[in-house]
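We just call them A, B, C, D and E in the order they show up, numbering each chain from 1.
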Amino acid sequence: MASGIRLSKLRKTFGSTEVIKGVDLTIEPGEFVVLVGPSGCGKSTLLNLIAGLETVTSGEVRIGEALVNDTPPRDRDIAMVFQSYALYPTKTVHENITFGMQTRRIPHEAQQAALKEFSKLLQIDHLLARKPGQLSGGQRQRVAMGRALVRKPEVFLFDEPLSNLDAKLRISMRTEIKKLHQRLGKTVVYVTHDQIEAMTLASRIAVMDNGHIRQFGPPGEIYEHPVDLFVAGFMGSPPMNMLPGRLRRRDGSLVFEPHGAEAELHFPLPSEISDRLDAREGAELVLGMRPEAIFAAGTELPGPNRFVFEKTVEVVEPTGPDTMIVFSIGETELIARVRPEDAREAGTRFRFEVDLSKAKIFDAKSGQSL
Amino acid sequence: MRQRSIGGIVRPKGWHNVLMRGSLFLVLGLFCLYYLFPLIVMASTSLKSLAEIREGTLLSLPRAITFEAWGKAWDSACVGVRCDGLKPFMWNSVAMAVPAVLLSTTLGAINGYALTKWRFPGADWIFAMILFGAFIPFQVILLPMARTLGQLGLAGTVTGLILVHTVYGLAFTTLFFRNFFVGVSDGILQAAKVDGAGFFRIFFQIVLPMSIPAIVVTVIWQFTQIWNDFLFGVAFTIGDSNPVTVALNNVVNTSTGVKEYNVDMAAAIIAALPTMLVYVVAGAWFVRGLSAGAVKG
Amino acid sequence: MADTPSLRLRTERWLERRLPQIVVLPLFALSLFFVYGFIVWTAYISMTPSRIMPVYDFIGFSQYDRLWATPRWYVAIKNLFIFSSLFIAISMVIGILLAILLDQRVRAEGLIRTIYLYPMALSFIVTGTVWKWILNPGLGIERYMREMGFENFTFDWLVNSDYAIYTLVIAAVWQSSGYAMALFLAGLRSVDDEILKAAAVDGASPWKTYTSIVLPILRPVFLSTVIILAHLAIKSFDLVVALTGGGPGYATDMPATFMYAFAFQRSELGVAAASATMMLMTIIAIIVPYLYSELRKTGR
Amino acid sequence: DGTAEVLHWWTSGGEAKAVGTLKEAFEAQGGTWIDSPIAGGGGDAAMTALRARVVAGNPPTAVQLKGPGIQEWAEQGALNDVQAVASAENWDSVLPPALASIMKYDGNYVAAPVNIHRVDWIWANPEALAKAGVEAMPTTWEEFNAAADKLMAAGITPLAHGGQPWQDATLFEDVVLGVGGADFYRKALVELDQDALKSDMMVASFDQLRKLRGYVDPNFPGRDWNLATAMVMRGEAAFQIMGDWAKGEFLAAGKVPGTDFLCAPTPGNGYVLNSDSFTFFKVSGDDNLKGQQVLASLIMSPEFQKTFNLAKGSIPARTDVPLDEFDTCAQRSHADLLAAIESNALVPSMAHEMAIPRSVRGEFLDLVTEFFNSDMGSQDAAQKLADAVARAM
Amino acid sequence: MASGIRLSKLRKTFGSTEVIKGVDLTIEPGEFVVLVGPSGCGKSTLLNLIAGLETVTSGEVRIGEALVNDTPPRDRDIAMVFQSYALYPTKTVHENITFGMQTRRIPHEAQQAALKEFSKLLQIDHLLARKPGQLSGGQRQRVAMGRALVRKPEVFLFDEPLSNLDAKLRISMRTEIKKLHQRLGKTVVYVTHDQIEAMTLASRIAVMDNGHIRQFGPPGEIYEHPVDLFVAGFMGSPPMNMLPGRLRRRDGSLVFEPHGAEAELHFPLPSEISDRLDAREGAELVLGMRPEAIFAAGTELPGPNRFVFEKTVEVVEPTGPDTMIVFSIGETELIARVRPEDAREAGTRFRFEVDLSKAKIFDAKSGQSL
């Protein structure tokens, strides 16, 4: 029932600014693709191109098998949540939500049922008679959601649909979206800046940067095997620690010597990594360690490939469940994630333990994962 | 300013679209004919000689084109005892219309702005009362107005005429701007207030640049009304300071003299040229997307 | 201490808070004097025996008796209703239609728009003559069509007492519908693109987009247009004088021409003032409820 | 020297040239001429402006104003008299008495006439008449009707007419003169005698008007008089009943009176008088007063009356100006005028605001035009007319 | 230099809807207060009242010592980031940012310097010549930020200023805001739905609900000692697990028996808690356990007050650094946070360990923390 989406060699320019610079992307029918990328990289533009809200400069957009470059939005059978909501200011919440069903001549009872279901789910059922101007930001966003959800189109496009909701609501919305997707099996393209949303919702994540797609794969792969420094640095919050240094051989085995702390610290590399890097002794590398892989020494049960070192705590940031500790190696600031009860004041020495089996190695020049 | 198309939304292509575009242009074209037909008659009459008009059918195209009537209308038709056409009166109208349009538009804009964006108790009442001025018949205000101008020492002066047009234009300009500003987001004004801008700065720097469409329709309206006004012009100016409509009227109307239709038509078109110029110039500012990107929601 | 800022600051604050009122009030005062003052003057004159010049002896309502004894006045009132409703409705429809059509990325938009607008620029003293030719059966369309072989083509509204009023509508619509188009076009141009996009995604046809999304947003523009057209209808004077001269007979007389005729041609200022007062009262009765409902809806 | 601001509505063509001669003459005397031309509606616009000017307190020096309107303004105390000039130049002896009385208020001249237009003319196309076998211009309405019937039979529109109230009224007053004679005309249309208005004579007049209505083509409503003239010129129609300004159209088209077109008075042996005059308003300041005097004297000077009327197509208001340079129609007009004065058959025009106040004239116009454009009965019309007049008084 | 803010008995109604229902709040000079609360609870309205953009219905707003109820916004010396951005559409980014400085007659050079500094910081320096309509959502939000930051007012009001930025940018912005606050020492009121932003930026957090302030205190206190179920449930993402049950005495000590699993599970209460609850045996209670306090048994070093139990895994949600495991006790769904490598598939039995010293107890009826 659902249709896939295929973009090929897609380009879009506004005046002289090229915004989408040749995107190839194949989304399977029924897939849930999350699009992430830095602000301004072209995510919304890409959604607009899929929806037919902007004309393609060159390349192809296909929905299902059909080439839709010249198909107007209303014939594409999509529903969309706009980043800017774009509610109809003169219509009530009720009318905003049912408008799309009206235009598609869905029977009145079905409309009412859908309205009832989703306004309840979105917790806006007490606001149905209001105009958008009388709503709070988050309420408006939920109306925008409602407008998209009540329909059962081939493709859903969501542009940061939960960004203005509180954490609790966001989690429940996220769950509902997931359920809905499972129930309906429609193709979804979803833009978000929320790490957890991306990881939990996506069947595949597309990481965009500056009009290109850098990596496209399942969440675990994106998180665990980023293809390059950009993806590695982009996914994860706080992001992966990137420690530049050099590969050296010491006492027969390969170690990583961070710049600026060559004398002091040598990270022994786990065998899986060092096997791959055998030939590259002396190469400029970047060692990537996620904050959660660096913790207070001795708090976890011992395991293989652990490495313990001592550094001075520079900044302590309690975030509630965890506390972030900022410290430096050479010129590089790193963040470790520790349990709140393990945190120490800034200025004190602290013993860190790093799980090097979770570390990544990148080529410093090309940025490619090795 | 560049004309932005609607949103960039993809339009269908193919025969269906060709059909749609075709009928679109057909309708637009038919209306063009409706609007143009009288003008064509006027223009063709103005290019005929008087002899041809007398014998031919009035609606036929000219057999021999002559621009004599145009020349005559411009600088040798008699307007009372002087016979130098409309030329000397054009400037009178400009000198009256331009200040009156600017003044009434500005005041109307400020009025509309204060009444919608700085609402105070009774604002709607005041608006309604000002608006009602649009319906007052000019015939009934002529004499009291003459009296007032006489008392103010403005009788027979251009200043007086500007005052009259400004006062009675206010209802319309306020209406246009008020109704435009109702749709301008309050959020932007709030941001400007927080940015430390006061009443006038917000007006001139924030609101006015957003209201170009309103300015355009207001200027078009006011200019047309003031330029084409005859009654006030005739009642409140004297002789050589008459606006061009009075002169046009004098060229065209004759009670017992010979009717020179070709000159009449040419004169009417000439008198309308400045207004058309305003339409063309102001029309270029019918732009889209002035409020794009302002607020989310 | 901090609760009571200096006097200067307080006056400044006060001034600033009152600025909107301070700005509006002089203009409001102008309109009080020049509109309402003059209306009161007119109402008073309608109760005096004024003829060629105003006099101020009070004589009660006898001018109204004379007014209502004049058959022409009834014709004028009836014509006003027929003419205004047709004129406003047709101009509005044409205005909206053309604005929407012009909004479809039409290449020659500037030219077409000017063509639609230009009739308003022309003085009716002259275009009235042209319309008279065009509509006159012996000179214009009817003769043309007959010469082209349509022997039975008849279009003689202009010379028919029962239909002449409709020729006024034709010419008036010709003159003013372009401006209605401009008003709507300006309105259309200030609607946010994003909303149109949302409607496109919601599957609305262009027709539906305009009727149920865009036009409701343009509600204030409707108010402007109705007022402008009503004003034109009520004051249409040049048009009547130039096209039909009120004829055949006085079949196309309108309150504006009636008033003018009595005030200035016949030197019956009193009757003219009475008719003006009646007309203003009629307008109040129609416009005030409309304004009331509009302002409540668009005010906030 | 002296300054004169002159408000008039002679703005184009021959009319403007005619005023131009006045201006030149005035300036030749060293005066300053301020021209305030306001055309439109046969002087309605000018009257409107005049009222505004008077109310505002700065009236023009002299205004093209005629008929009972002069008395109305005089009653408002808005006029200056020029009796000094009139006495010195003995105007009384050179003006037709009927005209002189209109120019005076309280026995003093407050206005000076510039011309006399004859209203009761029939203009005809000789070719069209010949085609239908009409040999002579009709001298009674019966003859007119007979000729018209012949023309109808020949497929020629008998009467070219423009359906505007003042044109309808012009027909009407000419018919009243022809049917009822000068005395009846005066009783009904000047003195507004109720009995006369309701009399059988009036009914008969309406009957004749109804007849004329039948001789008019269906497309007459709203037609300008000059287009009606053009119909005669082209031979589409045979007759037009119109004042002598119609002659200007014939002449401008290069037609020669007597051969290309004919002129004859309407039946009745009367003379319907229309005259333009300048009325002097209450101005102050020596300069303006001086201008007023000079202007009055100039207007009445025989040379001016001659040059002016040559340009305008009418005849001088002074009866003592020789008309050698004028065309035959003008000469006929002059001769008839003198005869009419003699036989007391000179009547002022109702349609052209020479006879009755504008308010009453308005009622006449309304009624006549309604009669002309409907199937109202003559009896009915007479009764309604009487009522309307009573109301307006 | 900075001024405090004092709200007393503040109320605001729109028509018949009461939105702010009597708020008392005292913010010290130079404090950084974060306002959190569910969507639609009145946060933006509260900011508007402080800024003077809405008229107070009743109560008082004081900035510094001055009562400002009737002071127009421009005399309050505040800068604000609007939730809806509210950019000036006809001005360029440059003009948008400098407008506030212009109106305050700041010298041209100072304007340029500030513009340069902040446009760089916000990474919008290449967009200065554009109009807002030509920007992406996140770029617009940064312009809105820039407009507020370039000025040095008494009070900063931020309404979800980073909601549309990507995680990486958001972290760096957050850091910059913190630095700026430290450098300038101005009073800040900051609305956010981001848990970490709230925890790391705030000197105190105010938790709002439905027009009331529920709790106002330092982040740690809010997180560790929520006064009631609402605050406890609102802070934390995923939120605290709330397990209803009854207090019972078993074998002499107080235990917590969850409803629907009385027979099976008895959580022994740590002595600090049970001491307080001694008299309330049999009472209806709610046991609050944060997801991070429930983890895979045996992964942490043993400690006091640990309790191990076995349950079936219902849902597994990998979020990247951690994996969430959903399971049920009685009717209640609970979430545990485990390391990705400890996660098991749905349907398998799983041994959970809970650190009961981090558990909270609430009265089931009143919701108050005990």
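To be clear about the criterion, a residue touches a chain if its C-beta (ideal position, glycine included) is under 8 Å from a C-beta of that chain, and two chains touch if they have at least 3 such contacts.
All values reported here derive from a predicted model rather than from experimental measurement.
Touch-path distance (fewest steps) from chain D to chain E is 2.
Here the chain-to-chain distance from chain C to chain E, counted in touching steps, is 1. Of all chain pairs, the one linked by the most C-beta contacts is B-C.
If you average the CA atoms of chain B and of chain E, the two centres end up 57 Å from each other. Remark: chain C and chain D have CA centroids separated by 37 Å (rounded to whole angstrom).
In terms of their C-alpha centroids, the spacing between chain B and chain D amounts to 39 Å. Spacing of chain B relative to chain C, judged by their CA centroids, is 14 angstrom. Residues of chain B in contact with at least two other chains: 7-9, 11, 142-143, 145, 198, 230, 249, 252-253, 289-292, 296-297.
Those residues of chain C in touch with two or more other chains are numbered 16, 54, 125, 129, 139, 192, 194, 197, 200, 217, 260, 263-264. Residues of chain A in contact with at least two other chains: 52-53, 72-73, 83-84, 87, 137.
According to the touch criterion at the top of this document, the contacting chain pairs are A-B, A-C, A-E, B-C, B-D, B-E, C-D, C-E. Taken in their complex, chain B has these residues touching chain A: 7-14, 296-297.
Across the complex, chain D is touched by residues 50-51, 54-55, 77-83, 142-143, 145-147, 149-150, 155-156, 230-231, 234-236, 238-240, 246, 249-260 of chain B.
Across the complex, chain E meets chain A through its residues 14, 36-40, 43-45, 83-84, 134-139, 141-142, 159-160, 163-171, 193-196, 199-200, 219-220, 223, 233-239, 290-292, 298-301, 317-322, 337.
Interface of chain C with chain E (complex): residues 1-3, 5, 13, 16-17. Interface residues of chain C, counted against chain B in their complex, comprise 16, 19-21, 23-24, 27-28, 30-32, 34-39, 41-42, 54, 94, 97-98, 101-106, 109-110, 112-123, 125-127, 129-131, 133-134, 139-140, 143-144, 174, 178-179, 182-183, 185-187, 189-190, 192-194, 196-197, 200, 217, 220-221, 223-224, 227-228, 230-231, 234-235, 238, 255-256, 259-260, 263-264, 269, 272-273, 276, 279-280, 283-284, 287-288, 291-292, 295, 298-300.
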